[in-house]
Each structure stands twice: as C-alpha cells, then as structure tokens.
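Structure first, commentary second.
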Amino acid sequence: MTELKKWYELPIGCSNMEPGSSLNNITAGWRVFMPEIDKNKCTKCRLCWIFCPEGAMELDEEGFTKVNYTYCKGCGICANECPSKAITMKRMEV
Amino acid sequence: MAHRLALSTNYAVAYAVKNCDVDVIAAYPITPQTSVVEKLSEFVADGELDAEFVPVESEHSALSAVVGASAAGARVFTATASQGLALMHEILFIASGMRLPIVMSIANRTLSMPLNIHNDHQDMMSSRDCGWVQMYVSSAQEAHDTIIQSYRLAERTDILLPVCVCYDGYVLSHTYEPVDVREKSEVLEYVPRVDRPHVLDPDKPITIGVMALPNYTYEFKYQLVDALTKVPKALEEVDKEFDKRFGVSYGLYEEYMTEDAEVLLVALGAVASTAKVAINRLREKGVKAGLFRPRLYRPIPVDLWKRILEKAKALAIVDRAIAFGGVGGPLFTDIATIFANDREKPLMMNFIAGIGGRDVTVNNLIDMVNIAFKALEKGRVEKPCIYYGVRGVDYGGY
Amino acid sequence: MLIEIRWHGRGGQGAVTAAELLASAAIMEGKWAQAFPSFGAERRGAPVQAYTRIDDKPIYDRSFIYEPDVVVVLDQSLLEGDEARNVMSGLKPNGKLIVNTNQEPREVAKKLGYKGEIVVVDATSIAIELIGRPIVNTAMLGAVVKAVKIVELTSILKVLEKRFSGSMVDRNVKAIMRAFEKAVVGVVES
Amino acid sequence: MEVIEFKKIRDLPRAEYFASGHRLCQGCPEAIIAKLVTKVLGPHVIVVTPTGCLEVSTSVYPETAWKVPWIHVAFENAAAVASGIEAAIKALKRKGIKFKDKKIHVVALAGDGGTADIGLQALSGALERGHDFVYICMDNEAYMNTGIQRSGATPFKAWTTTTPVGAKWRGKLQVKKDLAAIAAAHKIPYVAVASISHPVDFASKIKKAAEIEGPAYIHVQAPCPTGWRFDSSKTIEVARLGVLTGMWILYEIERGEFRVTIPVPQRRPVEDYLLMQGRFRHLTKEEIAEIQKYVDEQVEKVNKMVGYTVIGPVLRL
C-alpha cells in the first residue's frame, strides 16, 4: 500500500499528469476463467486483439496474439469470437 | 493613453474584453447582460477582435464551452445574469475545481419568482461559495478596469482561478457615463499570455476532470481553499501594477470617512456609490457616519475587513439579497461570523433593500444610518434583520 | 453644479437615446454625466422614462431622479391623466418644462396647472419633415440645448455624427438645428 | 494517417491510446469503442467524455486510462465542452499562439443518457452551430452507471429498474428515440450508425467523421452485459445479432446521401437477438411478434428509401 499523497502533492485542477497510469491497476484478480491460445489453430486474424476490452491481447513479432494476463479480466469475448476456435477459457486454479 | 468615451457598463466591459484579446467568447443573451455580448459579437464581426464567438443555446452550455476552451489553453470570456447564472450553477464549481482562469461578468439581477428583470444581488449571492473570485464594482470605469485586472489575476500561475465581476443590472449595466478605455497595446503588456501547467494538448496528453474517491476528494478541494487564500495579496499586487501603468487603483475595498465614524454603512456595488452622497449629507449635519464598500467579496480578506469594521460602534449592513429562512442577508452573516469569537464588537444591523430593482435612495440610506444610531442609543439591537421598504412590514420599533 | 433631467416618452421615440446623447455630449466636453433608462417590461408605444445627470465633478448618486431640474416630454399624450402626474412629479419650483407640442406655452401650462419656465417645440412636425418619421428625440435635444445651457450645440452635433451614419446624420442635424431655432421659451406666471 | 481506407482488421493501427487497467466491467463494449476510436484517430485528438461508466471507470485518481488529452466536465454538456475546445483550437491556431501545424480532432464519447436525454440540448446546439467535431454516442440503451434505469434510448418492452415487469407494465412502454435521425435533421455533413461487431466498418466511419469538415455524429450500439443481462463473453455476438436481425441497421448519411454500409441479405428473426438477453426474458410469443412487426416496418422503410432490398426478409432456420 503506497502512502496517499498530501494535498500539495496532487496535480492542479483535478487533473492527472500521468497518461495511461491505469497500468498501475492490475486487473488480473478480476477473472475466474482465463483464455489460452492454441498457436496451431490461430490464423492471426486479430479479431481477439480488436475485440478485447482490456487491451490484453498483444501482437507478438510473428503476428500471433498473446494474452497479457496482468490485465485480462477473463470476459471470454476472445474465445467466443475466435473463428478458428483457437482460444479456450480455463477455470483459474486457486 | 486612454481615451474617454461615454459608455454603459455593459459596453465598458465589452471594450475591456476586446482589449484583453480574448480567444473564445461563449454567451447566451439575458437581460440585462445582453448588450455586452451584442457589442462583443459586433467587435468580432468587424474584425476588431480576433476571437471565436460561440453563440450557445443556453447558459449551461456557455460556461461549459468556456470551460472546454479554457482547458484547451484559450483566454475566454462569458457573461450572464440571474436565471442564466442559476442555470450555470453546476458548472461554476467545476470551473473553479479545474482551476481555469475564466473571466465572467454578471449584470446582477434578481431571481424568479416573481419574474423580474431588475437589479439585486440574489443571483450571485446564491452562488457565492462556488470557489470563484468575486468582485463587486460601483462604476462603469471600475468594471472596465476590473475586467482587465481579472485576467491578470486569474492567469497568475499561483492563482489560476475563475473570476467574476459583478455590477448592478440597469443601475450600472445600462448607465452611460465617462469611461477611460485603456489602450489595447498597454492592456496586452499588462496581461501577457502565461503558460499554464494543465492544458489539453496532444504534445502533453493529460487527463483533466478526474474522478476521485473519498480518499482524495477532500485533498483536491483543499487545494481550492488554499488557492483562494492567496487571492487578496495577489489582487493587491495586480492592483498596484495596474496603478503603475494606468494611474488608477481600487484596492480590495473602499472606505469613505471611516476614520472617526460611529456608524458604518456597509454595502456592495452601486448602492455604495449612492451611499457616498448619503454620508456627505449626514456629515454636513455633524453625524459621524462612514461607508465601507467591499470590492473583493470572495475570498473575504477577513483581517482587513475586521480592522476597519471593528472601529465603528454600529454597522448598518445593506444586503441586496434575501437568505430565505436564514439569519440575515449574506453580507450580514459573513460580517457577523467575522466577529463570532469577539466579546467587543460593533452592534450589527442588516437592511435587506433594493430587491427586484426597488430604488435605494440617498434618503433610504440616511434612514438606515439613523436607525443604527437609535439602536446605539438603546445599546441593543431589537431586530437585527430589517426587510427595509417592504410595505406592511414592521421594523421593530425604529 | 449638478443638473438632473428626466425624459418622458413612449417606447420607440428615442427618449433613452436622447438622454444618452446629451450625456455623451457633456462627457465629450470633459464634464461628468450619467444617462440611464427606467425600464419595465414595456414595449414600443408604452410610456418610458430616462434620466440624465450632468455635473462638473464625479456623480455618485445612482438612484432615480425624483426632483428634476428639467423635465422633457417627447409625446403630447403624456400630458393627460395619470401620465401628466408622472411628468410633473417633483419638478423643482425653478425648474424647466420642455414639451413636444403644437400648442402655445400658456395652453400647455394651463392644462398641467404649471407655473414657471416652459419651452415648446413642434418636434413631431420637424421630425416628419426632416427625418421622415416621427422619431422626435433629436429634435427635442435641439430644444433642450437651447433652453438648458449645459452643453454646446456643436458638441451634440459631434456626438450625432459618431452615432448615426449616412444621410441620417444630416437629417438629424437639420432636425436639431430647426428645433433649436423654433423652440419657444416662455415663462408662465399665473 | 497512413492507411487511406480500412478494408480489413489488419489495416487498423497497432498503437494503443487507451490503456489497460481501467475499471470497466468484464466484456464492456465501451472499452472496445474507446480503444478503437483512439486507435483510429491517433495521438492528435482531444477526447471529451461526459459523466458515465466510461468516465468513472477510466479516470479514478491517481490513475487514468487515457493516453490522449481527455476531459470530463459534467453529464449534459459534452457537446458544449467540445464546442469550446474546437473554438479554442481554431482561434489559437489562427492567432499563431498554439496548435500550429497539425489537425487536432475533437471527439465526444458519450452514453445514450448523456446524448438522448440530458445532453440533447447541448448536442443539438453544437450540431446546429457547425463545430468541426465528432460526437460518438455509445448506446447501451439505459443509464448503466447509476444501475440500469430507462433512458430515451431504451427499446420497446425492455426491462430496466425503472421499467420493471409487473402486473401492469411489461418493461418500457415506449419505443426507442431515433437519435441518428435527430442528428441528421440538423443537416450536418455526416451521420452514421455503427456496431462493434463490424469493427472495420466502424473504424471507417470514425475516420470519415473526423476528416469531414464540420460536425459528424456516430451512433454505435454498446451491448452491456451487466444491464442487458447476458454473459460477458457475448458482447460482440449480441451486437452482431442486432445487425443480423435488422434491429440495428448499419448506415451512413454523407452530405445527405443515405447508404446502408452493411447489407443483410437474409435477416434472422428478432427472437435470436432478444432471447439472448435477460432484459427481454419476460416477453411472450405475442410480444416478440409485435417487436418483429415493428422491426419489419422499419426495415421496409429503409428498403424503400434506398430503392431495393438492402435488408432482406427474415429467414427462419
């Protein structure tokens, strides 16, 4: 737990000077199911990449998508939309 | 060099805005403010002012649009009155919370019901604690100069607050009188453009208008509290620099014959101008009366006010607004609060007067001072808040 | 010396503008002046009042004018009934009454029960002839300048040139000059 | 922008300006929209978001999901705020003070409550005044931020917490307000209806809207798993069925020219769309038939307008 800032340490005028700082908020804990991609079935169509609400589908050098599990909330859209059924939702192990 | 013109206060304000070279004006017409924005649209139409004039569909949008424009780094202006200001109420707090240097003029008018287009201070007083710097002026010249000072004050990086300049509807807004219009080149030297720490700019993509939870909201609000405490000193500096350049200063307040005054009239705006005539007449008869006119009303420079007010034996405080169901008018309750912890303090009487454009005459003001003297003789105040001039109302034995 | 002038007219006749033009002329001469209207929710045709104060020093009084030195009446119909009472209200004993009428000073004074200085001019005829419309304010200014020596005629003309454009300058200047010439100043003693 | 036209998903830019870690629900369509809009318009954009789910979930201090300049002012005034920003850019550019050599797009990203109801006046004013900006309404057909209350955009018979299903009421008693038509009535140069199920079509519309001089309005459906009562994995599927049933026709009106951008040769019956959603669970066969009839009429009007059958008849499987 980081210490909360004092009033004079806050940015002026209810602004936030750190664009994209939501990256500090790890949302991995939100998920119950996690997507797993079967590279053998993936056609690199990028649908999961464009549909992922979390921006948690990243493109690797070869053009495959890979899941960023730090932010994946496990909504399952990727698996539901994958035309080649390359993504399956697995129950998280607790 | 200034050049002297016969201008209404509305026009005097428009000339000041033009000479401050504002970038965006968004406004909606409302009596008695309308001629400010008519004049400004004329200036834009004639190419005398290079600005975007946004003819919005409501006052709510007027203030919203200038909030947007100011956040994008523009120098902005809007003007309103009465119902228009009430409609803006929500955005007033947002503008100050966002610390945007918006300048707005208010041609003070009463609030409905009944519908009435005339002057009192009910509109601004109903929004007085919204985090804006608020100044009340008592002449067209002062309005003109205060607009110019307001940009200088609002845009100081240690201040960055919205400012509104209040002047009485009709009584000032529509009164033509001599105004020395400040030369544009001199005005622009006086109000140079200043870089702000928070503007919408793709080169530095910040977020403005965050959501905060209970853990941060109070700290953000306290920033505004703190910024307002810096205003009196900053305004003094701004006023001094204005004096240096233009040879006129106004201070944070005006005192008139206060030195040995036993009774002080306290009033904002145009009434305080008429009050000088009343004080002169009283002094001619040997009555020790004086006048205190706050110019900067929010934030209240508490110590400065107190130093003057505590010298008097009684205060006749004129409010042009009703605090329905409250103790007295807003100016009265402010002043009473200043003395809350003092054993020794002047007697305080509140006269709610000039509501809905009811004229406040020299004789009315003399009468108020006389009533305050009667209370002094008795040594107590029977009825602190008098609804002065209402037909059928008892003043409580005075 | 403070001079307080109260203008009575009907919406559309230009009483408010006349009050302002007079103040502007005084300001141009380096004097202090105020001009302001008393607006209700009235529209064109309704009775309106306007006020001008002129002084050699700054003017602080911002209340209406209750005891005018000068009353100017732009419309003859305001000399009847309740309106007549408003017109005469508070006029100082040594004041001046300036009326747009085709009647003689004595006739007007008699109707109002007025004693003192009275100035009459048929501004309506002048306006119709020279301006083309019964907008009498500038013609009335001519009579006011003649009767109340508070500003120079040339100052009024200068203000007019700034205020109007095109042929309207010339027409209004002519109307002022004609009224200045034609206004009859009389004193009704009894 | 390098790509002149988006033809396939691969044409869409890879850069992201809407960061992960935001607090929107699992499967939220607004996140998909925000991501796509900022992707398409790139860094030279200023985004205005009124109060709503997107706003509260992306800007909770000390975090922000926005990597482009972004502002939130209030609920009903996104279009007015955008007007001011656009005016400021124009004036500052012209006066040589700021924003000198680049085109900056101003985009309002609002919900249906902030557009159809409380923000309609500000929107109408801004469209009429002709500001050069893009207004995108993400229509989730209710006030989701306050917990699923009806809005003017809630469809006929849908359940919300303020249009409950009871002895007398059967969900919302009125039909949905046609916002795109209202926007078009302002005679603005560009109006479009889009769906997240057709991202390339949507992206092309965003781009066109931004490039056209003057105001542009895009109405995009935002199927809300939380409020519409469906599983978070079905967001895109519900959107797609909206299109395939003819309940959500994808079109654009460019300078007065109406064009259906995604023809549907054979329609699916409305129950395919309705029965996926808990908010329509109460519907009887008769009620579904009533909705089908209403949709048929709307489709007919569109076909008449374009002069041929661009949206086909219902095909029952």
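To keep things simple, chains are lettered A, B, C and D as they appear, and every chain counts its residues starting from 1.
Definition applied: a contact is a pair of C-beta atoms (placed from the backbone, for glycine too) under 8 Å apart; a residue touches a chain by one contact, two chains touch by 3 or more.
Remember, it's a predicted structure, so these values are computed and weren't measured experimentally.
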Of B-C and B-D, pair with higher C-beta contact tally: B-D
Per Cα centroids, the chain farthest from subunit C: A
Whole-Å gap between the CA centroids of subunit C and subunit D: 63
Interchain centroid distance [CA atoms averaged], subunit A/subunit C, Å: 79
Approximate Å spacing (C-alpha centroids) for the pair subunit B, subunit D: 43
Whole-Å separation of chain centres (CA-atom averages), subunit B against subunit C: 34
Touching two or more other chains - residues of subunit B: 98, 205-210, 212, 216, 220
Contacts with two or more other chains, residues of subunit C listed in rising order: none
Where subunit D touches two or more other chains, by residue: 59, 61-62, 64, 66-68
Category of the chain touch graph - line, ring, star, complete, other: other
Chain pairs in mutual contact under the definition given at the outset: A-B, A-D, B-C, B-D
Residue ranges of subunit A touching subunit D (in the complex, touch as defined): 5, 10, 14, 16, 18-27, 30-31, 45-47, 49-56, 59, 68, 70-71, 73-77, 79-81, 89
Subunit C-touching residues of subunit B, taken from the complex the two chains share: 4-6, 117-118, 168, 170-172, 174-178, 270-271, 273-274, 276-277, 359-362
Contact footprint of subunit D on subunit B as seen in their complex: 23-24, 26, 50-52, 54-58, 60-62, 64-74, 76, 90-91, 94, 98, 193, 200-202, 204-213, 216, 220
Complex contact set, residues of subunit A against subunit B: 4-8, 10-17, 19
Subunit B-touching residues of subunit C, taken from the complex the two chains share: 20, 23-24, 27-28, 32-37, 39, 41, 59-64, 66
